[in-house]
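Letters A, B and C mark the chains in the order given here, with residues in each chain numbered from 1 onward.
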């Protein structure tokens, strides 16, 4: 075993050189940052925000039909597909006689959610999308279980979350999906 | 099936020689030998219609494809069901089925157990050539208390029509119009009547007929399946219990048993699950309405029993029982109370009279005896040489002060509650009442008593004897509440606790 | 039946309801066996009919106490084939009925002549009802049927009235009722009027309709000869077939078999419509050249135009091009060799100006409307074909639609209980095969690109 233990070299014995080298690096960065001469890796959050990739998946969005009704038909394919089992849907007869089924309750437990986006892939009517919001801070655990009101009508969405499936001019190109 | 005689014939199916009873339907013979020939309109419990044209097969000696459902097994029959020609025919038959189908699977309750979906995966054309406007028909037609009809989804297999003609004999369904405007319906969309409506939902291969009770409740792929026997009457129809992880029962479906219920069950029986469901169930042991641990409840009961045994007052024990329990539970009740504790006061309804008067209510399945195990009850009592007195006798005895320790082993269901109410009215603080019940309602009646949750009917393991003397076995597939136990287990724990109190406490603590 | 009688009376007073006019004297190309006395005034009355040898055949049969086998033998020797469309030998059909089985037997006369282009039976029903009734009584005797029904097309009001009258006369003359002509044979005959469904002209559809059910064809087996009307042995014969029976009995099977070709014996009535100078009903010997019918009987194509195609045997028969038609003789085999069928003998002549896509679209509308809706392929397929053909005429067709039509048609054939699906599938296939240029014309005009909505 003893041959495995290396004898200390001269350089490692004279540790003051190492300390000095380290202090030089620290000092250089200190002054460069102080004088604004280098590119800083940090930003002034929350005044400044980063640009995320277009593929970024944040808090879910429930889309609407053009008349403002929820687009979801509560087929529960998202809940079926969800690996974290964080989607809870209670289906019911819609108050609109032209619509058969709608979700009376649509809840996502954001603490359980792993933001994989499988729900978006599973949805046959473009009713659930992965949004771009990521600032999740709440005071209580129960507040992370969000319902239809938050998912569909939160101010950040600006009422722009109209389902592709329910825009007539886009449906035309979509009819090629099987029968 | 019943119309086949026992003589066996040899037929060749896909080059393999198989044996089948002479005259058996080819589809049944194929099923029995593990070859699935697709079908929509054929149902073994109904007459042959030959409408869906899915079960196309090649028969030797016939250049045209034949429908399998109209072929009876005879010696030397040679059938091919997996040739390219047949596969192409099935593919196109399915394509024709889908031409005017709305494909609204996301909102269809049948999705997951739909014949169209199943065969589409197996025989589908995948890329549809149908680019024309589909025929639109009426959706969400209300057909009474149990059924919703969607005429667009219907593939007009006529199973429901034949069911109402041949089985329920109500002849309510019919096919109106002709060509691709044909629709299933009742005259003027009149509501359905009778006690066998929901069977049409079971046999509907698509989502045209759906049950109101199950409407939008759950997607079927979330459901687990447990085999059981219906608790609604002495017929003992075989059922599948569909539940989600044992926590919530969603529906009952009939399970084939030729000797008992064939493919059918009545609507009354179908809804017996509601009494077994989580929202009507007692989930915890309670003492005077307050939740207590199960072990503590057993100890409380056992300590009272110990006093009675020590002072030789076991004749003050009265036990009320019913034929809602399995033979094993009844045996353990009688072993415990009659055998070990020498109790003589047993009370129940007049089961002998109920059995004597038992008859078919509607000439089909439903019977007048509301208990699933009356025959078993009588034979168990006879075997143990126990006689029961009536509930009125119990009330009289309570009034006279003849009993101080009353054990009520309640059945499931609403039917018994008025009788329980009568007993509760004559009770006084001098009686120690123990209620063994799966139901919240029974516990609420005896609010001052010690209540122990038992298993719901569809969670039980045991045997039940139906009106015809057929012994049927049920196997537990789930347990809804951790704190609920079978009557047998409760009485075992009680006897252990009564004999060796300290040890039991240790055992239960671990 | 009383219900249907009252219906006839209510609607039969119309002045413009006349029997069909056909040529008074037989043309040289014609060979009139059934229509021999058609032009005799009052031939629809029993006394006139009797004076022309009517009911002689029935008397021969009943007075001589001919055995059932003897009659069937005569029919077999005559080579008479069913004139309704399928061409099944009549003698064989009668011989399939089980003997002495203790069940009631029925003879049904299929007078539900609804095939577009076919109107030959109407002449017999309106002008020679007694001939058919006589044939029916003989037929009933041959299959030991105590009751027979005439299922007549609902629209044939005048014909129904004529038949009802003739039956009354036959009862009065003792040819119907109890103990006919002292032979001990009892027979009753009823008229049942249809309600306007094409499918009720199909053998088993007719039986269902007569039973009071929806006119859905029945699964075979069991065949009607074993289990038909009210689950009893039943024979369904066409009007023309039954009308030929008295002639054969009277003149002997050899005399009938002298006419026609080796396999198609006797004469056939043709109802010619379309672009000809003299449309109408003509009776020709089987095996006569097509030209004799077109030129000599019908006076050639109307307006001196060129012939484009003919549909030889009612609208469900595949189309035959002009060249093929001129090579063709009028018998079962020759027409079959041109890829079509003799069918009911309802010939539709199309001249060079006709647009065959429009013709086919028109036919597809008929069959989509008349599909009974029992079998899925027919119910959905006929409607699908109609919609695709509509897209052709609406200039919305895609190039793939031609292949799609072929696919749909080939997968309709032989996949259903009855042959209604084949009745549109076969024309679609033949039109696409023989006249692809007609469809090409529409494809060039089409403005559709990609997927239609």
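One rule holds for everything that comes next: contacts are C-beta pairs under 8 Å (C-beta built on N, C-alpha and C of every residue); 3 or more make two chains touch, one makes a residue touch a chain.
Just so it is clear, the structure is predicted and the values come from calculations on it, not from any experiment.
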item	value
Label of the chain whose CA centroid is most distant from the centroid of chain A	C
Centrality ranking, top chain (CA atoms only)	B
Pair exhibiting more inter-chain C-beta contacts, B-C or A-B	B-C
Chain centre separation (chain A, chain C; CA means) in Å	73
Cα-centroid distance, chain B relative to chain C, in whole angstrom	55
Inter-chain centre distance, chain A versus chain B - centres from mean C-alpha coordinates, in Å	45
Shared-contact residues (touching 2 or more other chains) in chain B	99, 130
Two or more partner chains touched - positions in chain C	451
Partner chain B, residues of chain A touching it in the complex	73-77, 80, 91-93, 100-101, 124-125, 178-179
Touching residues on chain B, where the partner in the complex is chain A	98-99, 101, 103-107, 111, 126-128, 130, 139-140, 215-217, 219, 221-222
Residues of chain B that touch chain C when the two form their complex	48-53, 56, 64-65, 70, 88-89, 92-93, 95-97, 99-100, 129-133, 135, 155-156, 174-175, 177-182
Chain B contact footprint on chain C (complex, rising order)	197, 199, 214, 219, 221, 368-377, 379-384, 387-388, 391, 398, 400, 404, 407, 411, 414-417, 451-452
